[in-house]
Every structure is written in structure tokens, then in C-alpha cells.
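Shared between the two complexes below is chain A, which pairs with chain B and chain C, respectively.
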Partner chain A sequence: MSTATAALAATGQEAALRGRKRPRRSSGRAAGTAWAMLAPAAVLMLVFLIVPIILTLSLAFTDARLISPRPAEFIGLANFTRLFGSSAFWHSLLNTMIFAVVIVPVQSACALGLAVLVNAKVRGTNFFRTVYFLPVVTSMVVVSMLWMFMYQQNGLINALLAKVGITGPDWLNDPNTALFAIILMSAWQAMGFHMVIWLSGLQTISADLYEAASLDGAGGWQKFVHVTWPGLRQTRTFILITITIAAFSLFTQIQIMTQGGPLDSTSTLVFLAVRTGFAQQQTGYASAMSLVFFVLVLAVSLVQRYLTRDKEVTR
Partner chain B sequence: MKSLKKLGVLGLAAALSLSVVACSKGGGGQATSTSTGTVELSMWTHNAGNKEELAAIKSVVSDFNASQTAYKVNLQAFPQDSYNQSVTAAAAAKKLPCILDIDQPNVANWAWAGYLAPIEGMDETLSKFLPSTVAKYDGKTYAYGYYDVTLAWVTRKSTLNKYDIRIPTIDQPWTADEFMAALKKLKDSGDFQYPADLATGWTGEWWPYAYSPLLQSFGGDLINRTDYKSAQGSLNGDAAIKWANWFAEMGKEGYIAKKSGSDPSQDFMNGKTALLWNGSWTAVPTRKKFGDDIVFAPPVDFGNGPKVGGGSWTWGASTNCADPAGAQAYLKFAAADKYVAEVAKDTNNIPATDAAAAMVPGFEEGGENDVFRQFAKRFTVMRPETPGYPFIATEFEKAAKDILNGADPKATLDQAVTNIDDNQQQFAG
Partner chain C sequence: MSEPLAHVADDTAAVPAADAAHSGRKPWLKGLVMALRIALCLVFGLPLVFLIVSSFKPDNEIFADLGTVNAFLPVGSISLDNYSGVFDRVPFATFMMNSVLISVVTVAAGLVVNSMAAFALSRMEFAGQKIVLGVILATLIVPFETMALPLLWWVNQLPYFDGSIGWLDSYEVQIIPFIANAFSIYLFYQYFDSIPKELDEAAKVDGAGWFRIYRSIVMPLSGPAVATVAILTFLPAWNSYLWPLMVTQSESIRPAMVGMDYFKQMSGSSGTAWGQIMAYASMITVPVLVLFIAFQRAFINSIASSGVKG
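Let's look at the complex of A and B:
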């Protein structure tokens, strides 16, 4: 969902830029058609995005309950005071941060590695492209269940480790390894998607550039550093932002594999908000969490966009 | 001209948003009269995914519809996973069905929220039901169920004899010392992956259902039941701390898995564990595997008597029904022993009344399943009948999990008590 939002925001900006350059001479008829075309998407966005955001904003300052005979009452900042005083919140925030900080470089680097591999002009690349993409089209719920079995103390992973003489930990039930185990599995699952994005980026780089580099006597690594990497600039920004936002909204794996445990070591902001809002029926408090989460993601995305802005355009 | 266009566009947008709304319509419904004067009553159940139970309920409904001409009940089945959300959403839209089934621990919450109408004039009938199948809140009866389930230690005579462990009886359950000695023996033998299995791999309602009776057997409780206002002293008093230390020790000593497999009865049948703390529903597969060797032992007495949980799915009427008399008529009709027996039989659960038990093979007095009925009758402690229960359940699950994983028992329980007390405040006055 948030990925889609970011993409929408990005295309929106581009559209705005383009719009400014063109002279405005659209007739009333064209405008009407445009509005009609816009309506389905606009209505959906309004109903499923804008309205919930506004509701969250207002519910966060009330004591609204999921099930209650009493109407919600305005309670000011009480939800936020409680939130910032809750150790579960800080744990979850920290876990979310660790998850994002680790998974962004790991996942994008691995995906780039895969993309370069399957971009090679050898037989059977399509087969590998499909194989690497398979986890992406598999439901996260299914993937989580499978990895849960693999991570068991006597599961596949520990059996493999035992072959090389390592006694594996009880991955998901040890506070020291649980988050790491989830990071690993999440990176594996989503890698294929970003591989495809990198791949599309790689294929936009003109073969002439490589040819010219070869003529200049550049080796494989030099070509990568001086041709491939600069050529992937736009792709890089997109991947950075989408992985970050996806990382922040970590939920499914946690819900299925660990339920935030052991000892809050895998609790995340979204998991905490869902648990509070649905299982614990505290809609108002959960809205406050979501609001903090929203502000956090917005801030991080803005910072990223600023840091990765296209300096040519802004000048 | 331009404004007309705008209007058109707005109209289109409005139509689209209406169609979105229309999608969410349908489903629920109230009592409606047909041309013949028969009043139609809608009825919801959670067991779309449970063939046997659904078929049994369907036959009750068709009997009711055939028995009179004033009312016609229309049954609609939901998958269990989305059932509670459907009811909550229907309540918000004032579209609850006339009759619905409710998981017993939710009854107080829904009654308080005004979803449920009290059941009137059935006191005599319901006095014959197991107390754990009659859901009450604030002195009124809101729902009753056809069956209950209970908990037991599932084990084998041959195992107990081999390790020289006494076979407990309902009058002489294991004491705490006996139980711990037995665990040690089983552990030291090295024959089992874990001596016992509490099904710690399950999540959600299982935790309060299965482990709060252990807490109560130590003398603690989820909340102080005199006024349901505070858990202070109940969930963090000396008895509760003793329970917490015991629970943590079970994990630390390797007597139980901190997170057991997803199918504990399978592990038990495969000989990975010797003692299984589980529900009466394990009787069918384990008995099939071990025959007469199987033992369903009573809960351990940790000092305050043996305890088991109680309460399963129950039936009640909603406050949205246009013809409350119709809903009450159905509930009266459906409470007959015959139907109790039918539904309990088809679901392999404990029939709610004595008369029905006599009709269900295995549950008659002295039958092979009679032991579960006796446990339910003698040892049941209901989950607290307060609207705050769903919250208490999540807090207890988290606290118990943390304690099992090595968190400080006192601090963890204190935190849970603070949270529960804060949440209970809204129900006062």
C-alpha cells in the first residue's frame, strides 16, 4: 500500500513538472473527460486512503474503542503520553529501525547481484529469472509458514549447519536471533521483485557505453563502477525508497512467525498497532500509533528524496 | 455548460462511491414478513468450515421451521476466522441478525456493548445445562451452548507404569510434588524429547483457556472477581508469582518446549512427549491410536484444587431483531435435549445436559468419555465474565509468553496488572 503511495507521489510530481512546461489550452470537454477518467482512481484513493488517514488523525485524540456502547470522547494528547511512556513502543520502534537499516542495503545489494547475473548473455537466463522471482509471487503467509519449519531447532537450516559442525540456535525462539532470522527470510522473499527493477534499469543502459569502455580497455569491475552504477541512478532511488517503506510496514512475517516475541524482540510498530487496535480493541490508542508511524515514514521518505534529488533539475 | 459537466462528473463520482458502499451491503438482515404472514428471522453461525456442526445446526433450524408457521429462520454460515469481525461490522451498521452464535468469552463484551438481548423465561430449562454452557453477564443470561470442551492430561497407562508413576483418579489427582517428581523421572529417562507438552506453540485464546486454570490451581486469578475492577493481588499476588516461577521453571528445566510443535497430539502419539495437556477433542485420535492404553488424567492440584477452563460456542439473540419474540421462540425450541445430543454427538463434544449425555454414545454415565463431563462439572472455572475479557486475554498471553522466555515474573505480571486495571476503568459505573 505504502509502496503504491510513493509511486503515485513520484508520478504525480513528474506530471506536475511536465504540466508546467506545456501551455494550458485544454477545452471544457477535455477537462470533463479528464475528470471522468480520474474519478475511479480518485474515489478509491479517497475512500481507502484519504478518509482513513483523516479518521486516524482524529481518532488518535480520542478514547475510541472497537466495541463500546459509549461514543468516543476527546482526550487530548493522553494517547501520545501513554505511547511515549510505553516500553513496548520503544522496543517496537527500535526493532523497526534495525530491520530497515539492515534490510535496505542487504536486500538491494543481493537483488543487484542477481540482476547482474541474470542479465548475462548466456543460455537459460529466463529460467533463473523465473526461479528468483518465484518467492515474490508466493504469498508471504505461505513463505512465513515454510520458513517457520525451516527455522525450527531440528529444522532444515540447523540440519545443514550440523553437517558443517555448527549447532544452530533455536532461531525464532531466541531473542538474540529472532529478528535476524526474520530479516534474512524477508530479504530472500522480496529480493526477486527488486531484481526485476534493477534488471529493467540495467537494460536501459546502452550497449554502446560498454563497447566504448571495452575499447578503452576497462575490465568487468571497472565497467560496473563507471558505467553500470552511474547508469542506475534513477533505479537506485526508486529501490531505496520502496524497500525502506516496505521495511517500515513489516507485519505479516511477525504475525505468523513470532507474534512479536520472544520478549518483544521482533515486535514492530505496525504489529503493535494492529494488536492494540483489533485484539485489544483500543482504536484510539492504535490510531495514535499509526499517526506516529505515518509521520515517521513521511519524514524518512522526504529525507531520502532530498538526499537523492536530481541535482540537474533542482538547480 | 461547464457547471453541468461538473455536475455530471460529480454524479459519476457519487455513483461510483455508492457502488462501493453497495458492495458492502447484503448479508445481514433483520426480521422481514413475507406475504403469507410468516416472519423471517436471520441467523448467523461461525461454523462454515465445520461440516459436521453446520449440518447439525441446519437440522435444528429445519425442524424449527417445520414445527410452526409463524417464523422462518434463515441460516447463514461464516468462516470462523472472519466471524467476529463480521458481527462487529454488522453491529456498527445496526444490521445484526436476529439469532447468532458467540464464543462464550466474548458474551460479556458484546452484551455490554449492547449487541445482545437477554434470554427471558428459560431459567428452568437452562438450570439443567452445565453451568459453563450458560453465558451470563451482570446477572442476566445472554446465551447458551449445546456443548462444552474441557482439559485433561493425556497419557498412557503403559508409560506411567513403566516409570512407576501413579495413575491419578478424579478423586485423587496428582499433587504438585507428585507431578514434578514424575516430570523429573521422565526427563531423566531420556526417552522423550520433552516429558510434557502444554501446546505452547498455539497462540491466541488457547493461552488463557489452557493456562489460566493452572494459575487458578495455584490460587491466583486473571482478575479479582468480587467486582471485576482490578487484577491487583490476583494476577500479581504471591500465588500468581508462584505460578509464574513454576511456569518459567517448566521451560528452563526442559520439561516442556517453550514453543511446541503445531500438532501436539501428533507429537504425543509419535512418542516425543509423555504427558499432553490438551482439550477433550484429542480423545478421538489418541484413543484410536492407543485404545485402552490411553489415560485422560485430571488436572494437577497445585494447592487450590484441580481446575479446567470452560465455555465454548453459545447461541443468543441480538438487540437488532425486529421480532424479538421470534428469536426467543427459536432459542426455546432449540434448547431441547434432543438437539443438544445431536449437536454434541456430531462435534464429539461434551453434551450440555444430563439427559442429552445419556443419548450420546460414550458420554452416558460410565461411558468412555464420561470422564470429560465429570471434569467439566467439577473443576471448571469460567474465564472472567467481564467486558474487559478480550483485553485481559491478550495481556495474559503476552505475560505468560514473556515469563516462559525468561522475563522477570514479578515485573511482567505487575505490568499486565497495570494495563488491565487501566482498561477495566471504562467499565466502571
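Let's look at the complex of A and C:
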């Protein structure tokens, strides 16, 4: 969830900054207290967030190893040359892209559907909302093990498919279905999270707008297109960015279910980086992968933000 | 910034006309929509029912029941054998205590550290404030996974408290890097901004210092923000997997999520011990599910406010 919530910068940042008056210089003592209260968080963030970010940028150009008696040496672009010449990297990049391109629209659309279903004054709404949300509070480690069992050749899903006369594949051991199986499971796990976010967006839309639309004779679909959808613009940006970042960060499912296989068909950027930087201890090379990953996240966030920007000039 | 925290868990807040499917004109459509809701309940709920039910069955019966509705019912040779098997295989109590310790300390320390920082940023005035806030918010875009490997290298170079070098294989390395959290600061910041600043002025007239205002006025008014931050930092701490996988070697400090790996590695001649896996998975899941159901409203509202625009 830490990654899922990371996209706030895109939606909340300016608003937070805009709403702030330019600070007047205040008495030295108050400023001292302010810095003292800020200090614990500031120091921790400096050491465990800012420095690692800078390290990602710099270690990528060195031959640093996780455990090594000699200091890291600058080796220029050698890590990147090696990376761009590696088929494992291109496979992983492609898989990461496919995962994101499929899961972003599917998961956000289904989550919106769920939100609309539970955003009604019907008996039991709270119950439904709770059940749809259950997978979100189940850890991805548990979900991965459970679905690994369900996806077996003789597992639960194929047993159910057999009931309707379909012979299911060996989901996770077939290069054609493994990534798809992981996408399906990941969407199942996280959908409730985005349902709640859509729901909070739906509830910011004034009921008056729906009434006005009804008076104008709008039907359900027209109301959705002309009232609901435009009213969800902010929520949409937030959801698109959070799902995309979470998709790019795909790791746990791969580590537990497939280890990148079969035939690299489920290897992802983060999985490859962990294998390189942790198992093989090549920190420099793994940092180069992390840097590519970071640039990718940044680029996608900027593009999405541009595409979903304010169309009209506001005030 | 109108509502700093969302309240989607209130049924009364539902917008009645949001979906026309519920307009009374088409009762068949209404029935269809309800059927869909129930079908989706099965989709999201049944796998978890299957998990818990299977944890009480011997392996051969788990497989035998698959094609029937029995897969979701506690029938057959129900026993606690899988559970006792788990305790024989792994130091379960140690893993569990480690997870509790790591998450509780991360959350508790995070609440103090992040709320203090947000207080300074929101209610006090000092030079450089805007820059600090901007930097904190800018870091929100960086997923942990992008810097996990450089961070691993970095904590391995850091001087440890006893003077040796390297933080690996300790509780500290699993807790301290995750205490300060830009998102928590942002949530507190947003909430504090909605509390009238006149309160501070009044307290100052009465001679209260800034820290006193933080502790005795602003924090007591910020219950919902505390609950939100606690929940949003507890879940990732409890579920954390990648980081402890890399930084822990000793069983004595491993958290429960990494403990799951033991069952994957031990699929010996008798095949994977699925019953035990289900038992282990149930034991690390059910406490969180119970917490969620008990504090359901707070959970859902906290997730909702993570998406509310500031």
C-alpha cells in the first residue's frame, strides 16, 4: 500500500502548496521549536529516503557490490550497456509493461463498477463493501500462496472449470498463461482498495446535479456520462497513477509464485533487480535497473498527469 | 480543502441517484443488480473461506473436495493436525511476536515523529518551510522498490549502535527506515490545517508554548487522523515481505511473512504440505481480518481519505 498511496504528489501537492501563505519571519525561538519538532522526521527521511534516492542515481555508474572489501569504482555507462544488451532485462521490461497496460484499465474499471454497486441505499450495502474489501487486508504473501494452490493443474480453478466442461491449463507453468494468471490474482486482491477510493470520489458529487439531470430527462447512462464521469476527474488521476506505480513495483507475487519463470515469462524489473542486487550482490548493476525503473515511473506519472490535466482554465 | 477525511463507510452518505439501476421503475433490473452483488461476494469471499476451511483438513481431503461444494465447508476429517504441524516445523510464536513488535513500534514511533513534523509545517512559521514541505511531497512519487537495493547497500555500510558496521539482521533495520513517512506527514498536515488556528492564539495568550499546543490541543482533536495514519502504516508494516526477505538471516528476528518461505522450501518427497501452508496462512491472516472487521468503519474511511484531494 505504500506504493499505492505514493501518487499523491500528483494530485495533492500543488493544492497543499497553493493554500499556504508565504511564511512571515517569526521570532527565533519559535523557529527553533519548529525545527526541533521537524528534526526527527527530517533526519530519518534524509538518511533513509533522500540518501538512497541519491545513491540510486550514483551507484548505477559504479561497480559497487553488496559485500566487498574494496570501495566501488566509477565505471561510466558500463552497467547500462550491459543492461540494454541483456535479454532478461528486455523480457522483464516487457512483462512489467504488459502487466501495467492490462491491469490499469481492467482494475480501475472493475473497481469503479464495484463502487457504483455499493454506492446505493440498499440493505446490506455495508456487508457487500466489507466482503469486497477483505482481500485488501489479506497480505500479498498469503494471497499468492492461496492462488498458487488454486492455479495448480489439479487445483480449485481447474476443478471448477471442469464442472462446465473446460480443461484448464497448468496456469503458472505455462508461459502463455502465467502472467495472465498473476494479473487476474493481483486485480482480485487490490480491487477493493480502489473501490473505496472511487466511492469517496462518487460521494463528493452533489446529489443536486443528479436531480437536475433527472429533471432534464437524463437516463442512468446519460447521468453517468455527463455527471458522474466528469465529477470523478481528480479521483481518476489519483487511481490511474496509484495503480500504475503499484503495477510497476510488482514483486511479491513473482517471488512466491513463479520466480520469474517459466522461461522468463513473468520476470519483472523489480524481481530482476532483487535477483541481481541481493542474490548476486551486484548493487551497481541493480541500481542501474532501479534507475531505469524510476525514470519509467516518473515518465508515466507525468504523462498521465498531462493527459488528465485540467482542460478548462480554472479561475 | 473542505473535508480532510472521508466518510464513505456511512450508509447515509450514499448518493441515491448515482446509479439509475435502482430507480424503482425496473424491478427486474434491481433483482439482477442484487444478484450481481451476491455473485461478487462469492468471488471475493470464497477463496478466503477455502483457505480457512482447508487449514483443518488433511492434504488428501483438500484435493478430494475440490470439485464439490465441500471445498468450502468444514466437513470430513476436521482436525488441528496442520496447526500442530506448523508449530513443529517453524518457530511460529517467534515469527508472530517479531511481526507484532516490528509493526507496533513502526506505527507508534511514526505517529509521534510524523505528527510533530506535520505540526511544525502546518501551524508554525519558519524560513524554508515551503521548501521542506515541497521536498517531502515530491518524495511521494518514489516507490520504495526503486530504492530498495541501494538502501540495502547503504544500511550495510552504516555504523551500527554498538560501533560495528552494518545494520543487517537486526530489528532496527526493519523498523527505523520506515518510521518517517511522507504520506503520514501529508495526512496529518492536511488534517491540522482544518483545525482553527485561533485555538493556538488563545493558548498562546494563556502562556502555552508550541509543544504544549501540539500535545494538549491539536493532537487530542486529531483522533481521526491518528486512526487513519495508524491503519495506513500498520498494513504495509505487517505485510512487509521484500525488505525483511533481504535484511534478515536469523530466525530469531524474522517476521511472519518471510516465515511463509519455509513451507515453500520444504516440499520434500511427500509433496508440498498444503494443509500446513493453509494453517500458517490462516494464522497470519485471521488476526488482521478480525481487526479489520472490528474497526471496519475506520479502515474503510482511512483508505478513502488517502485518495481525497487536499
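Throughout what follows, the second predicted complex is superposed on the first by the 269 of 315 C-alpha atoms of A that agree within 3 Å, B and C clash if a C-alpha of one lies under 4 Å from a C-alpha of the other, contacts with A are read in each partner's own complex, and residues count from 1 in each chain.
To be clear about the criterion, a residue touches a chain if its C-beta (ideal position, glycine included) is under 8 Å from a C-beta of that chain, and two chains touch if they have at least 3 such contacts.
For clarity, every value in this text was computed on a predicted model and none was experimentally measured.
> For A:A42 in the superposed arrangement: first (chain B), second (chain C), both or neither?
Touch partners of A:A42: chain B and chain C.
> Under the stated touch criterion, which partner chain does A:R275 make contact with: chain B (first), chain C (second), both, or neither?
Touch status of A:R275: first partner only.
> Between chain B and chain C, whom does A:P69 touch in the aligned arrangement: first, second, both, or neither?
It touches chain B, and chain C stays clear.
> Classify the contacts of A:L215 with the two partner chains as first (chain B alone), second (chain C alone), both, or neither.
Neither: A:L215 stays clear of chain B and chain C.
> Using the superposition on chain A described above, determine whether A:L307 touches chain B (first), chain C (second), both, or neither.
neither
> Output check: A:P262 vs chain B and chain C. Expected answer is one of first, second, both, neither. What do you get?
first
> Should A:N173 be classified as contacting the first partner (chain B), the second (chain C), both, or neither?
Touch status of A:N173: first partner only.
> Which chain, chain B or chain C, ends up touching more residues of chain A in the combined arrangement?
C
> Shared contact residues on chain A, chain B side and chain C side combined as an intersection?
31, 35, 40, 42, 44, 47, 66-67
> What part of chain A is in contact with chain B in the complex they form?
28-29, 31-32, 35-36, 39-40, 42-44, 46-47, 63, 65-70, 170, 172-173, 175, 259-264, 275, 279-282
> Applying the document's contact rule, which stretches of chain B touch chain A when the two form their complex?
1-2, 5-6, 8-9, 12-13, 16-17, 20, 88, 91, 109-110, 112-115, 203, 258-259, 390-391, 394, 398, 401-402, 405-407, 423, 426
> State the interface residues of chain C toward chain A in the complex, per the touch definition above.
On the chain C side, the touching residues are 1, 6, 8-9, 11, 13-23, 33-34, 36-37, 40-41, 43-45, 47-48, 50-51, 63, 66-67, 71, 112-114, 116-117, 119-121, 124-127, 129-130, 132-154, 156, 158, 176-183, 185-186, 189-190, 193, 209-211, 214, 232, 235-236, 238-239, 241-242, 245-246, 257, 260, 263-264, 274, 277-278, 281, 284-285, 288-289, 291-293, 296, 299-300, 303-310.
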